[in-house]
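Just so it is clear, A, B, C and D label the chains in written order, and each chain counts residues from 1 on its own.
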Amino acid sequence: MSGTLIETLGESLYLPQTARIRDVRPITAMEKLFTLELPSGLTLDHNPGQFIELSVLGVGEAPISISSSPSRSNGTFELCVRRAGDVTGALHRMAAGQVVGVRGPFGRGFPIERFRGKDILFAPGGLGLAPLRSLINQVLDERGKYGRVTILYGAKHPSELLFKDELAAWKERGDVELHVTVDRPDENWTGNVGVITTLFARAQVYARNTVAVTCGPPVMYRFVLMELVGKGIPDGNIYLSFERRMKCGVGKCGHCQINHIYTCQSGPVFSYAEIKGVQEAL
Amino acid sequence: MSRPKVAFFDFTSCEGCQLTVVDTLQTHPELLDAVEIVQFREAMTEKGEDYQIAFVEGSCARKSDEERLARIRQQAQIVVALGACAHLGGINAIRNRLPLEAVVNCVYNENGDWSETHPYGRPRLSDRLINVEPTAKPIEAIITVDAILPGCPIDREEFARVTRQLLQGSQPRVPDYPLCVECKFKENVCLFQRGQVCLGPVIRAGCGAICPTYGESCEGCRGPISNPNMDSMQSVLAEAGLTADDLLSRFSMFGTYQMMKLE
Amino acid sequence: MSKVQLEVHYLTRVEGHGNIVIDAADGELKRCELQVVETPRFFEAMLRGRPYTEASHITSRICGICSVGHATTSLQATEAALGVIPSEQTQLLRKLNFLGEVLDSHILHIYMLVAPDFVGTGSVFPLAKSHPHVVLRALRMKKLAGDLCAVIGGRHTHPITMCVGGFTHLPGNRELEEIRARLEAMREDVTATVELFKSLTFPPFERVTEYVALRKPDEYTFIGGTITSTDKFELPVSDYREVTNEYLSPHSTAKHTRHHRDSYMVGALARFNVNYDRLHPRAQEAASALGLKPTCANPYLNSAAQVVEIVHCAEEAIALIDALLKRGIEPEAPKRVEVHAGEGVGACEAPRGTLYHHYRVGDDGRITGANCIIPTGQNLANIEADMRALVPTILNRPQDEISLGLEMLVRAYDPCISCATHMLDVRFE
Amino acid sequence: MSLRVISMDAMGRFVASSRSEYRVVGPKPLHGQYIFGDVESPDDLHLNYTQTVIPPKKYLFPQREELLRFKSGDGEIEPVFDAPPTILLGLHTCDLHAIRLLDRVFSSGHVDQHYRRRRDNTLVISIECLRPCSRHSFCKSMGTLSATDAFDLHLTDLGAEYTVDVGSEAGEALLAKHAKTRRATDDDYQRLNTALAQKWPHFPYRLDFDVSELPSLMRTSYNSPLWKDLGERCLACGSCTNVCPTCYCFNVQDEVDFALSAGRRVRIWDSCQLDEFATIAGGHNFRKTRAERQRHRFLRKGQYQTDAFGLLGCVGCGRCAQACLAHITPVDTFNTLHHERSGGAARPKGGAA
């Protein structure tokens, strides 16, 4: 086999290719990072923000964002998966060496070429860091092409913070402004306490030249948007990544529709300008 | 992987659901390779007390049943309510409307003109044998239940599917949408269009709409969906000449316990 | 010094919950009881006030294994009360459905509940490995019987289509033809079943009792007939109470019955003894192959009589399907019912014996009183009488053996204890 | 293409003959309605039928369809294509229009090969509607009362004969191989034209406005109070979408054997009206209320599909109106919205006039 994974849909658009689990790393009690390897000859060729449909054969399929950056793929890619139900639960019980099914990458990722030269404000909440990590690492790998990079990250509890080692490394770099907050601290927590919006006061934003990127649980968007719009960032420069129920990933099954828009095709990444008038979006 | 140990228990019931389990073997004999059955009174003598999955048939109608249920709950990792009696209280709960005294009198009354011979006199409520509770209950009223297999009797294929989901470590799912979905799949002409009435719009699917398919209206043996539109259902029935009482009366064949709880 | 105290709790491989209690010292039997501890379900209280249309659906839930028997008997009682006479086609279809259930129930009983005793296993499950062909045969036969029921009733357990005055759905020719072909093919399995039971040795125990069954002049009847006994009694079903004379026993939630002796027996063996001359010739052949002759007084041979009935029902079902196909299935609606007050009795030969339903219906079509007399209830006194006769002859054996002997005896009756406690109303206001 | 004529008898022989090569499905009676089913003999032919419970789309997009088979251990997966050569016989023109929409949906973007294979192996023989097939149909309003280009053959009943419009080469070949037909004469054209001209008055317009306004009407009706009313009446039973020829939402589920080693992935019709349709893991439901779901359904019918595929999502068959026990109908809904917008009084509710 050769070519990109998406090209294999030529036979059946529902046919997953097998990918072998290279490595499983627990991140928190609920999330694990899976490193997957495609059959030789196949490449994933994704953009940050895109997702794949991941199958545990016999259990089902679930859309999962690609968490690794294209700039760091060595024939492998990473998924950061929360144990949320059947498919993700079954995946969590799997070990290196076992195989899963993958289709994709699907959807529209971040238009990264439009970010070049801009300041970037990342505002992930909770598991929303999983898809943004792909973009963040790509940006950091070509750091010179961008202006200021600010990351405002909120989680419920210190134990739920994802990628703690990477957070530390980003902080170390010196060319990234990182603020982290938790809703409920534990006794060892010395950092910020409060919901993610409390961090925005700390961020220095030059609104006209800033691109903001956010992803998180459904309740979060409205509040984060208020902050971003309040800072004067143009609607067209605010990007959001959405989660919806999906059964096919290819714009047929109807589950992910936001009014007339198929999240799996036109999204999951949208600019605020695009979905501002779409009533079911937020 | 070792085969999970499975036990079947029966309380007050007709045992039709257990028989359906046995019948499942006709189409799925491989079930016996997938699980180890350690207790199944209706079909086997051995009684293993070491089990992970307990299928419980029947409603709880005696104090001693509650203790037995508690023991089952303590031992089993997963408890499945098998059939309408266990899931809803079912047919057994119809009697809950009447005081126990009256219920017992109906059956064991010494003056009954249909039973003449009566050497031992009339049993008292306190009798060891008659010591039933005034209400027959679903097992969920006593212990937590991890999954349900609705229906009177259960659906064979659903039993097979739920069992496989348990073996996979998935949460077993039974539909939580109205029966009309499956009825339409079957392309039945709706009973309302044939001048009959049906509980389908508020009852949980999963049986393949077997009653409407065979020309009989849904009797509600799988219980209500979690979010039924009862107001609209009443209008639908009113149009068919039925009142709210009629709706409740139909519903009471399997749903008396639920109805009395709501009151 | 011999002291035997034996309690078998929660008798297994029977329908419902029963205990056996034996207390004997020095050859003297102090207590010998078949306790029925099944929780009473009070179907009478349930039926009271329900529309007559629901009666067959509710009472079918008395028993998961003979639900067709209950539904059919219930419909007979309701139809008698309301003066409804079902069409010939309805009667043929009900009969066919009934045969399917007798087949299903007997196959379940002899293969899955009785056979393990002869192999010395606790259940049929290990036989799937040790005797796969036997188990597969049983499953195959049982599936056919179940499918036959489903073709007519819509579902194997708790029939859907049977209603007062007819059926809500009729089988198609093709479905009947397919079942017929499978029944023909099943003859081989039936023969193998006879062979299997021929090879088994049943305990040699005999006790003469009265055998009661329905009888008709022209057929080995399962639905309706005259109550007939080997003691030369004959009664119309409406006089069933003269036979059943229900009474309560302190150790049983199920009521007992007795006729003019202390007890009587119903079920396959009783039918065989009463109606031998009406059996299909092939069934009679099977009987002689099994060494079964009327009047047989060995209750253990009830299982053998069931095998004979399997042969009979399989043949009858083929003949019935032929008759139905020949006349063609008419797309007829259930008979119209004029609702009025009334009272009626229905009687059938359920797999375990004579079953009576007796209803009173009020002016509004709601049921005001009901009584059901279940075969196992009628057999309880007889089982105990058998136990009392048997125990002294085996008291010197090890307890295990006594208990197995007794369990096998009870099991031979194929008791449906859950049915037997589902006693219905006995009193009308 | 050409117009031919086939006699009633020849029609029967045509069916009998094509059965050697094709599964032939057509309308069959059931409890006073019709369903599409296998036509096994010429006696099974009921081309003069009232509306079927479920549209013929089930042969292109079955209620339950295997997509894949797999062995889970080694990850062996193969797609399943079950596409027997089929003739869909006797489609009304609304159903023909619906197939045109399904063709677009499943063939645009990522092509759904499972649908495509079936479609490619299917010949469609439609029939001209000369009388309304249901008291709920409003095809004339929707512009679906004439055939569209999705047919291979198209019949018009002229009493003792049918004219046959040949719409494709495959249709032509089918006819040549299995049917005895003759070329249409001037007289046949004359009779055909008369039949076509005479049929229109039998069909009522049911929309109070021109259908071309429907998308814009829906666009401005997002906040109509009507949705709340529909939400209160809707039973969330999904019947409306399950009987709809243009609905195609689905669910995907895996089924495994007891050994958990092999299984299938199947897709099953789903409905946007059911409670859990837009619920994600964790329980958040993006369309929680029945009112929101009814709005979504009608916006899909009247606007979204036009935006995405250039065709309306409703072909006016009226099946949903027939199926809905709460009497929620597209005609009432669209008309109410229209009158709300134009400020006029809404017509009384209650379905068919």
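Simple rule for what comes next: a residue touches a chain if its C-beta (ideal position, glycine included) is under 8 Å from a C-beta of that chain, and two chains touch if they have at least 3 such contacts.
Model, not experiment: these values are computed from the prediction.
Count the touching C-beta pairs: is B-C or A-B ahead?
Counting C-beta pairs in contact, B-C comes out ahead.
With centres defined as the mean C-alpha position, give me the chain B-chain C separation in Å.
24
Round to the nearest whole Å and give the separation of the Cα centres of chain A and chain B.
That gives a centre separation of 45 Å.
From the C-alpha centre of chain A to that of chain C, how far is it in Å?
Each chain reduced to its C-alpha mean, chain A and chain C end up 65 Å apart.
Just the number, please: Cα centre separation of chain C and chain D in whole Å.
51
For chain A, give me the residues that contact two or more of the other chains.
58-59, 85
Going by the touch rule set out above, which residues of chain C reach two or more other chains?
Residues of chain C touching two or more partner chains: there are none.
Check each residue of chain D and list the ones that touch at least two other chains.
Each of 256, 260 in chain D touches at least two other chains.
Looking at the whole structure, which two-chain pairs count as touching?
So the chains that touch one another pair up as A-B, A-D, B-C, B-D.
Using the touch definition from the top, list the residues of chain A that touch chain D in their complex.
These residues of chain A touch chain D: 9, 11-16, 18, 55, 57-62, 84-85, 88, 99-101, 217-218, 243-245, 247-248, 250-255, 257-260, 265, 279-280.
So in the complex, which bits of chain D are touching chain A?
Those residues of chain D that touch chain A are 67-68, 70-72, 74-75, 77-79, 81, 105-106, 109-114, 222, 248-254, 256, 260, 263, 265, 267, 270, 272, 277-282, 284, 286-287, 292, 296, 299-300, 303-304, 307-308.
So in the complex, which bits of chain C are touching chain B?
10, 12-17, 36-42, 44-46, 48, 50, 54, 57-58, 61-65, 67, 108, 112-113, 116, 122-125, 128, 136, 139-140, 142-143, 146, 154-158, 160-161, 163, 167-169, 241, 245-253, 255, 258, 358, 371, 418, 423-428
Enumerate the contact residues on chain B facing chain C in the complex.
Listed in rising order, the residues of chain B that touch chain C are 10-20, 22-23, 25-27, 29, 32, 37, 40-47, 61-62, 65, 90-92, 94-95, 98, 102-109, 111-123, 129-130, 132, 136, 152-153, 210-211, 213-216, 219, 253.
Enumerate the contact residues on chain A facing chain B in the complex.
Per the touch definition, chain A meets chain B at residues 58-59, 85-86, 89-90, 93.
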